[in-house]
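Dropping the structure in here first, questions after.
Naming follows writing order (A, B and C), and every chain is counted from residue 1.
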Amino acid sequence: MELCDRNIAELRTLLDSKELSSVELTRYYLNRIEKIDAQIDSYITVCADEAIQAAKKADERIAKGQAKALTGIPISIKDNMCIEGIRTTCGSKMLESFIPPYSATVIHKLLNEQAVILGKTSMDEFAMGGSTQTSYYKKTKNPHDLTRVPGGSSGGSAAAVAARLSAISLGSDTGGSIRQPAAFCGITGMKPTYGSVSRFGLIAFGSSLDQIGPMAHSAKECATILNTIGGYDCNDGTSSRQEIDFESLLGKDIKGMIVALPKEFFEEGIDKEVRESVLAAAKKYEEMGVCIEEVSMPSLKYAIAAYYLLSSAEASSNLSRYDGIKFGYCMPHAKTYKERIERTRREGFGDEVKRRILLGTYALSSGYYDAYYKKALYIREKIKEEYNKIFERCDVMLTPTAPTVAFKRGAIENDPVKMYLADICTVTVNIAGLPGISTTCGYDKDNMPIGMSIIGKAFDDAKVIQVADAFEKDFIRKAPSL
Amino acid sequence: MSSYIPVIGLEIHAQLLTQTKIFCSCEVDFGGEQNTRCCPVCAGFPGTLPVLNQEVVKCAIKAGLALGCEINRYSKIDRKNYFYPDLPKAYQISQFDSPVCLSGKVKIEGDKGEKEIRIHHAHIEEDAGKLIHDDIENTSLADYNRCGVPLLEIVSEPDMSSAEEARAYIEKVSGLLQYAGVSLCRMEEGSLRADVNISLKHADAKELGTKVEIKNLNSMKSIVRAIDYEIERQTKLLTTGEPIVQETRKFNDNRGVTVSMRSKEDAHDYRYFKEPDIIPVIITEEDIEKLSKEMPVLIDERMQLYTKEYGLNKADAQIVVNEKGISDFYNDVVMIYPNYKAVANFIVVEILRYVNEGEIQSNHLPFSAEAFATLVKMSEEDIVNKNNAKAILKLMIESQKGPMEIAKEQGYLMNDNTDEIKEVVSSVVSEFTEEVTGYLAGKEKLFGFLMGQCSKRLAGRANPKTIKEILEGELTKLR
Amino acid sequence: MLDTALITYLAELSKIEVEEASRPKLVAEMSAIVELMDTMNDLILEEDFQKVGEGVHLNNLRTDVCKASYEREKLLQNALYKKDGFFVVPKIME
């Protein structure tokens, strides 16, 4: 078995038994990146020297017998999480030269365990997109078919994990940005409950929706990563004090559970092959002794509008700080403040980011607030209510992760409306702050992976992982041929 | 007389008395070198998050209690969006529709007796940074030290009708906040600022006139001058039939006029929405009860004590009470020397003169209550004369010595050594023979002249009564 | 309806320069997006749907304890224009 096909539990055993050193493992991955990433374009920045240094420290710690779950494990990080001293671009020209003088809380937690950070992965600019083709830097390709997109916005992370260019990765998910690329690249990705992982150091997009989460080859690995990065953080006022042991239900029988199938998620707009694959997975669950129950989420038809209004409104405010004065791109030689800021923002932001800022500004501006933003808040409440009702009876909900498999590069990513509609399966989870995990449930006729999502009620993350893990045990994934 | 009635409302921005800023753990301190009291959070760096300081909310609740406000049980934080280089995030974290303090009221001594000024609400928010304009380079220099300094914005109803009432209201609010221990309210350090809304209403009209806002007034003097100027300006416009433009103006201290801020080219649309990074705060009955127990004596209770128990007149009592530092000091002094009126009088006339001139600070007086009590007592008991008592106070401020020590050094102690007085009197009588003759001839006024000569030579060391007796005796002998 | 005037206004509010020439295209794009948002037009809001939601208790907020402020050099290191420890801003026109 190739080293890169080993899961992190197996790597842990190899490292702890000294059959393999973290430095060897890190060099191995750095070599793969050097050889393969030119085809994939998953990394914006590779931190080779820092990684080797970190691996050396990890080996020292392992030698003392003090290894933690992720000690010495090579990981990649989406380029919207700040690492002190390492350029953090958020996929934007605006932050081309930004070197944060601080690290995100998740980075501190990884480094405290001596995990090895290989580099920063590509993403849609400011995490706004589902294709990673709006990145100012690397327009990442899908490892299963280089003519297709890897999904997004955490497409660099998904592709890096799928192409075995890092063992695991961290992504962020505002409206599906972990789960959709995980589905497109045939891996597992999870957005945990809002507030369970600190957002400190994550460059904000839609603050009430953003969550950092793991991307890996299995639900089990996701649980391990979450146990390292999760937990209360006094630097994030929305961080939850409720503790979650993400691994606590792994391997426990799911027999007797009720899994909800919301009918609106299987109607028109969902590709036939995707629908059939997810329904086949539901059958498999039934065989495992789970009861499938059809449920309804009538507000789904408003979900896209609500999501885009809420996220864009917050983004329009969050992205106002990029004015060329304190950090980031700065249009030089401006004569006035107005010229400095308006030119800087025109040249520093890409088209999609500008559209979202304009949409968000529109939704909040006087005269339009009631028609847009307020209605979006209303839908948010409605969706929460509908989820509450479903979870009164059901343990988890099962949906497709995306209406289609990965689409061809250049097919729709330049059509904002089509791109927005493609988020229909994932956005309600963020709107309601729930945990959702995407895992591969099949392949289409072109051998492209199909993803399904397991959604649970808030803080039921361990159950969501348990249900995904139960499916993954008997499912064989296809590795991309590179 | 003008038939227009000024309608004035105030927005007071008081800095809350906390150790750290409202959303990060940077120390709040006056001054400091540029950009040395900030961090990535208050400078609005990417990925950073605001974390609300509980002391800010507690101070706001206490302030609310002091201002007679209803405390909101569900306090929501919002973003106010606008671009300006002193605002690094390009939004100010503030409160829009669910502030900590809801309606309240304070009583002031108005133009026509006691008056109640209603408070619309009070909310917490962060201060912005400071810009220094460099006219040579044509740039502005941004210092973010004040970014994130916690403020309470107290919005009054338009219940005042003169600059004097506005002043009385500010003094009252500032006193209440100082007493509640939630703000130092030092205008000179920027911990109290005010925006003024002002319109004129025709005496017979029901509806209000067009409102003008004067922003960022940071001294009592400029508030009063700005209001007076604005009343005059608007009256002139109205009497000549010109329209008043609804606008924001600023007060030019040097010229003593308000000038339009030219509603900029920017649109003003603050796009308020709920701050997603901060969870609303739930304030319970127990929280309020606990905080109200921590509240020190309130201003009205002291006012009662001074006027009813101590017998001070209302005006003096008000002056003593206005500044908590002064009132605390007064209380300490009368504990030692319970001559309430004399102590109050000395404070109102003498100490506050130095305070107003900025030579001393009301909450850091350079002498102890004991020393001051001794001084007032010396003056009252004619151990030193009144003028010398004032001189001693000046020297107490300058030298930090005790009053008795100063009196001795300066020879201010009253000297009832009659031998010395007699000696001086007889030398005066023998020197000013002409005046003495005149007096004896019936020019009674000349007695004063002779008294003055004696007093002068005795340099205030003798009790005038004694001098008078001896001088009279001496002159009688010559009759 | 979204028109050039409204787009110009929004661009001004969000401080993004939009060239005259690219405005029609932007209006078309934004109109299509807003049309998608208008799927909510048929919604009638129930009164007071914004209930008193989640909240944090006073004592769970940050305690008022100072931490050392930041090194000024680190704070300024990402700024293109700085002088004597200040961030430099071009002239503000009012």
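Convention: contacts are C-beta pairs under 8 Å (C-beta built on N, C-alpha and C of every residue); 3 or more make two chains touch, one makes a residue touch a chain.
All values reported here derive from a predicted model rather than from experimental measurement.
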Query raised in the report: Which word fits how the chains touch one another: line, ring, star, complete or other?
Result: complete
Requested in this report: Consider the two chain pairs A-C and A-B; indicate the one with the greater count of contacting C-beta pairs.
Outcome: A-C
Report task. Compute per-chain Cα centres, compare each with the mean of all protein Cα atoms, and return the closest chain. Result -> C
Query raised in the report: When the C-alpha atoms of chain B and chain C are each averaged to a single point, how far apart are the two points in Å?
Result: 39
Query - Whole-Å gap between the CA centroids of chain A and chain B - result: 56
Report task. Would you kindly tell me how far, in whole Å, the mean C-alpha position of chain C lies from that of chain A? Result -> 23
Query raised in the report: What residues in chain A touch two or more of the other chains?
Result: 98, 101, 234, 237, 316, 320, 323, 325-328, 337-338, 341, 361, 365
Report task. Would you mind listing the residues of chain C that make contact with two or more other chains? Result -> 13, 15, 56, 62, 70, 75, 87-93
Report summary line: Where chain B touches two or more other chains at once, the residues are 40, 43, 51-52, 83, 85, 140, 142, 265, 269, 271, 279
Requested in this report: Using the touch rule from the top, collect the residues of chain C that touch chain A in their complex.
Outcome: 2, 6-7, 10-11, 13-18, 26, 29-30, 32-41, 43, 45-46, 49-51, 56, 60, 62, 70, 74-75, 77-81, 87-93
Report summary line: Listed in rising order, chain B residues that touch chain C in their complex are 18-20, 25-27, 33-40, 43, 51-58, 74, 83-85, 131-132, 138-144, 261-262, 264-267, 269, 271, 279-284, 287
Report summary line: Note: in the complex, chain A contacts chain C through residues 97-99, 101, 234, 237, 241, 301-302, 304-306, 308-309, 316, 320, 323-328, 330, 332, 334-343, 345-346, 349, 354-355, 357-359, 361-363, 365, 371-372, 374-379, 381, 416-417, 420-421
Report task. In the complex, go through chain C and note every residue touching chain B. Result -> 9, 12-13, 15, 52-59, 61-67, 69-70, 72, 75-76, 83-94
Query raised in the report: Can you list the chain A residues touching chain B in their complex?
Result: 80-82, 88, 90, 95, 98, 100-102, 104, 199-204, 206-208, 234-238, 313-314, 316-317, 320-321, 323, 325-328, 337-338, 341, 361, 364-366, 369, 373
